[in-house]
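Next up: some structures, all given as structure tokens.
Okay, so chain A shows up in both of these, paired with chain B first and chain C after.
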Partner chain A sequence: MRRLPIAAMAAFAVLAFAYPHLVDAYWRTVGTLAIFYAIVAASWALLVGYAGQFSFGQMGFVSLGAYGSALLVQWLAIPFPIGMVAAVLVCTVVGAGIGFVCLRMRGPYLAIFTMAFSEVLRIVILTENEVTGGAGGLEVAPLFHSRTVFPYYYLALALLAGSLGLMGMMVASRWGLFFRAIRENEQAAAAAGVKVVRFRILVFAIGSGVAGLAGTFYAPFIGILTPDIGSVDQMGEVVAMAVIGGAESLPAAVLGAFFVEALFEALRAYGEWRLVIFGGLLLLTMRFARNGLLALAWEQVLRLGPVLQRARSIGRPAES
Partner chain B sequence: MTALIEAVDLTLRFGGIVAVRGLHFAVQERELVGLIGPNGSGKTTTINMLTGHLSPGSGHIMLRGARVEGMSADRFAARGVGRTFQITQLFSRMSVLENMLVPGLARPHSTHVAARRQARLHLEFLGLAALEDLPARSLSGGQQKLLELGRALMLEPSILFLDEPFAGVNPYLRDEIIRLVQALHAEGRTFVIVDHDLEAIQRLVQRLVVMSRGEKIADGTVEAVRGDAEVIRAYSGV
Partner chain C sequence: MLDYILVQALNGLVIGVIYAVIATGLTVIFSILKIVNFAHGEVYMMGGYFAYFVIALLGLPPLLAVLVAMLLSFALSVLFERTLLTPLYSPTTERKGDYGILVTFGISILLRNLAIIVFGPFPLRPPSFFEGSLVVGNFVMSWDRVFAAGAGVVLLVGLLAFLSRSAWGQALNAVSQSRESAAIVGINDRLVYTLAFGLGGGLAGGAGALVGPIYALSPSMGLVPDTQAFVIVVLGGMGSVGGSIIAGLLIGVSEGLFVALFPDPTRSLAYAQAFSLLVLMGVLLVRPTGFFGRVHVAME
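Up next, the complex of A and B:
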């Protein structure tokens, strides 16, 4: 039963490794961006899909991670990996703070609060142009001297694997059970002895830290940071990715990011109409596949396991 | 003797409405107490305060002699205070077994193996063992009540508050719940049961506490309370 998903994941890993060698430079860059979005979409899925905390602030944390690491490296002349770790820590602590402030907020109130956080951050970055470069952008030194995108692609892939591994271990552990219990019914979770306050803060902190990690990668990859990275539009894109993929599953959210990013590029010829197509796709997903289109497809793949097993046993000669 | 749990002069107001006023109420170890009263008399509010889901406006809650008012519900649960709800509160999209594992794994130093074994024992006891892989929402109303009881049992509680366990269940299941509560009580567990089903509650409890308009109006044996003039007045609305 479990062999098929493992085989699918192994095939996906091989494909992900081979991908940059199979496509041209343009699609290599698209692939790298898709991995960046996949990390953010997975962090959002952890918050919303597993713990039921509807945050609209993930791109705000991406922005904080991106600007934070870039500025720390510039100001303190520290090596990039240290700047990266420091910025992730800042995002985790700020995320924990927001989790604490939002403890009594649910659904739309939480979404509005986190959206406001992102907007405040975006406006601060825009206004403090002497520090952040404002609308003109903040130039960030490249991380690699290579002229190709290969090293960035593999770094992004490693960060995706690491963050998925961390979040995957969490959701597979008792913490994951507690997150889902809080999502289902906070009152019952508290009555069952779950430390609701602690776990709500924890999931916010980790989700924010992972989004910040994606931001620290984005800064040197893109080379110039603008405040728009934390905009509501960008957040909408991440939500669309996770929802179309399936917000209640980390792999489905990741696949959703790849699917939407690829489709977005493939439909470039349609200009702004692409957004209409995505809006329609989002509406259809919410109406007919609330767990996500790709999660639905994944369930069908999982069902193939027993079907193939049965087919094999039918083909096998009967034992005497 | 120190009471297992004790409400000392508990009062709670919601705006201008006094939901519970000056309530004194103690439950001893191994007691089986019924808490009854007409609608709106403050029974559920009392349970909510005694399990940490509401903080009293004034007064104390003593658990084995230690003050616990103002603590969160999870801390009450960790101290062995289990409860069920008036309207069943399950983790609907999680399986029956997962519903049981949440409190099992929330206990300190618990392991997956031990929690799973304990969950299966309780599910067997409640007659739900065959349903462990089903989502909780697919169970019947009565089975959901049993699952909620099972989930509370996973805390290994020293006291269990059951809020309307007989509401909306058929007579067969009502008898089954009575049998299960009696069996658990015989094992040494302490219960406080809130219900409107006086016939069922009288079969089950040793002592009745009656509330009306947020105040305790009677506390004694079933026979004594049944003949109490104030109780008759409260129930007849005269």
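Up next, the complex of A and C:
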């Protein structure tokens, strides 16, 4: 049971390192974008899949991180990494703040509140065009002098590995159990001694910080920021990625992001039908394979070996 | 200046009636199925387009078109309910609230993007119900707005009468209070769920059809009323129809006044949307059960 994920992870890491050398420039850019979405989808999976804190504000935090870092670098003329750290800190603090004020809310209330937060943010960015460039966009200086995507790709990969490592360690520890206990039943978790308040704020802070981190990378990579990055449709794309992959597991959410982004590019000829397809795919996944298509496929793989199946039946959680 | 404020307040009142119609639909769905319908704004959008195409293709008179749009929205909602929401009634489904959020959110993405393809991204404007404007002194309001408000009031009164007087309305009320007890007295709860989801969708579609001639139709027109309806439903207390009506009028008028009184006119329209969202966040923070809430409903 333990062996297989480690082997899979190693194979995956090798593939990820080799990927930009195997494809052309276009698919390199797509790959980089896919990693960006993978970070966001994983942070959403941490919040929603593990801790059950329903948030539709993840892309709001991405745009907060993106605009925050870009504007900080512009105004204060600080080097980019400092702006990046500062913006991530801002996102973490704002996320913790939202986690704190939302302590009384659950389920749809929380979803509506976070959706309202990210819409307000989008409207402010759109309207205050003297500062943010409004709908015309905000130009962000490139991070590297190189003309190719290679440095961006490896930076994105490093950020993905770092944030996945951080979140993976969290969910593999006792904290992960606390999160899931909160998800299943808050009162029962509190009665069993889980510090519900502390962990709800913590998971919001970490989830928002990671989303903000993805945003700070997105800004110089894409070169021109528009308020659309925080729109409901963008959020829908991230939700589709995480749910199709499997929102209750970080690696599944990441693979879901890769899968959806690849499909998105493969279907480029179909233009606007793509979001319809993803909406439909999201609905079908929810209806028939709630733990995600990848989790479903993973279970099939595990069924292949009777040994593995016995290991599974001992009662270890299917993915951790 | 005072005239301008008055006109904005009255315009706000008209929109408030429309908001109230949308929000009562959301409330009916919430109180029966115990889910928040994130696709409600998109059904409203579809209602507007249904009316447009019924007028453009079949040549029906606008009044009849509103009714047909409501029926079609009802049918669309029933279709979604029958195909996608059935796991909500199964005891084996875990965390039904989350399921409801994600599925309705998926429906909203599907419908909005489908509308962009089928109807085109450009705004369409259906013909007026009545040409011209109502003029009283130096106060002017288009007949369309007057008609939309009037029809909205008729819909609301009709809904209240339906809920309190008819057997179906009482069945809805019974299921909203207790599924089990309603089943014991012989109410077919499956049918009631379908009816509630369809009724909510029909109301949203009717509102969309009424709004068509006032604002143009566009695929993204549901986004703002969607959040507005949430504000109203939360403000009015989830599950309270009367509260939703009062809160709808309140939000409409205060939004009109906000546009009139905001110091920077170039930004007032943009911030009018943010305004109601901020009201929503404030209400959720201060009183998550709303100001007219009849019961505190657990969100699970």
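Criterion: the second predicted complex is superposed on the first by the 300 of 320 C-alpha atoms of A that agree within 3 Å, B and C clash if a C-alpha of one lies under 4 Å from a C-alpha of the other, contacts with A are read in each partner's own complex, and residues count from 1 in each chain.
Definition applied: contacts are C-beta pairs under 8 Å (C-beta built on N, C-alpha and C of every residue); 3 or more make two chains touch, one makes a residue touch a chain.
Worth saying up front: this structure is predicted, and the values here are computed from it rather than measured.
Undergrad: Return fit or clash for chain B versus chain C, each positioned on chain A through the superposition.
TA: After superposition on chain A, chain B vs chain C: fit, no clash.
Undergrad: If we overlay the two complexes on their shared chain A, which of chain B and chain C does A:L166 touch? Say first, second, both or neither.
TA: neither
Undergrad: Of the two partners chain B and chain C, indicate the one touching more residues belonging to chain A.
TA: C
Undergrad: Answer with first, second, both or neither: which of chain B and chain C does A:A297 touch in the superposed model?
TA: After superposition on chain A, A:A297 lies in contact with neither partner.
Undergrad: Just chain B (first), just chain C (second), both, or neither: which does A:L155 touch?
TA: It touches nothing on chain B or chain C.
Undergrad: Who does A:A16 touch here: chain B (first), chain C (second), both, or neither?
TA: Neither chain B nor chain C is touched by A:A16.
Undergrad: Once chain A of both complexes is superposed, is A:A8 in touch with chain B (first), chain C (second), both, or neither?
TA: Touch partners of A:A8: none, neither chain B nor chain C.
Undergrad: Looking at the overlay, does A:A189 come into contact with chain B only (first), chain C only (second), both, or neither?
TA: A:A189 sits against chain B, while chain C stays out of touch.
Undergrad: Now for A:L275: first (chain B), second (chain C), both, or neither, which partner does it touch?
TA: second
Undergrad: When the two complexes are placed on top of each other via chain A, what is the minimal CA separation of chain B and chain C in Å?
TA: Checking C-alpha atoms only, chain B sits 9 Å from chain C at its nearest point.
Undergrad: Which parts of chain A are in contact with chain B and also with chain C?
TA: Touching chain B in the first complex and chain C in the second, no residue of chain A appears in both lists.
Undergrad: Chain A touches which residues of chain B in the complex?
TA: Per the touch definition, chain B meets chain A at residues 51-53, 72-74, 77-78, 82-83, 85, 89-94, 98, 101-103, 105-107, 112, 151-152, 154-155.
Undergrad: Give the list of chain C residues in touch with chain A in this complex.
TA: Result: residues 35-36, 38, 83-84, 87, 95, 97-103, 105-114, 116-117, 223, 227, 230, 234, 267, 270-271, 273-274, 277-278, 280-281, 284-285, 288, 299-300 of chain C touch chain A.
Undergrad: If we count contacts the way the header does, which residues on chain A are in touch with chain B in the complex?
TA: Interface residues on the chain A side: 174, 177-178, 180-181, 184-185, 187-197.
Undergrad: Mind listing the chain A positions that touch chain C in their complex?
TA: 48, 52, 54, 56, 101, 104-109, 111-113, 115-117, 119-120, 123-124, 126-127, 183, 232-233, 236, 239-240, 243, 272-273, 275-276, 278-280, 282-283, 286-287, 290
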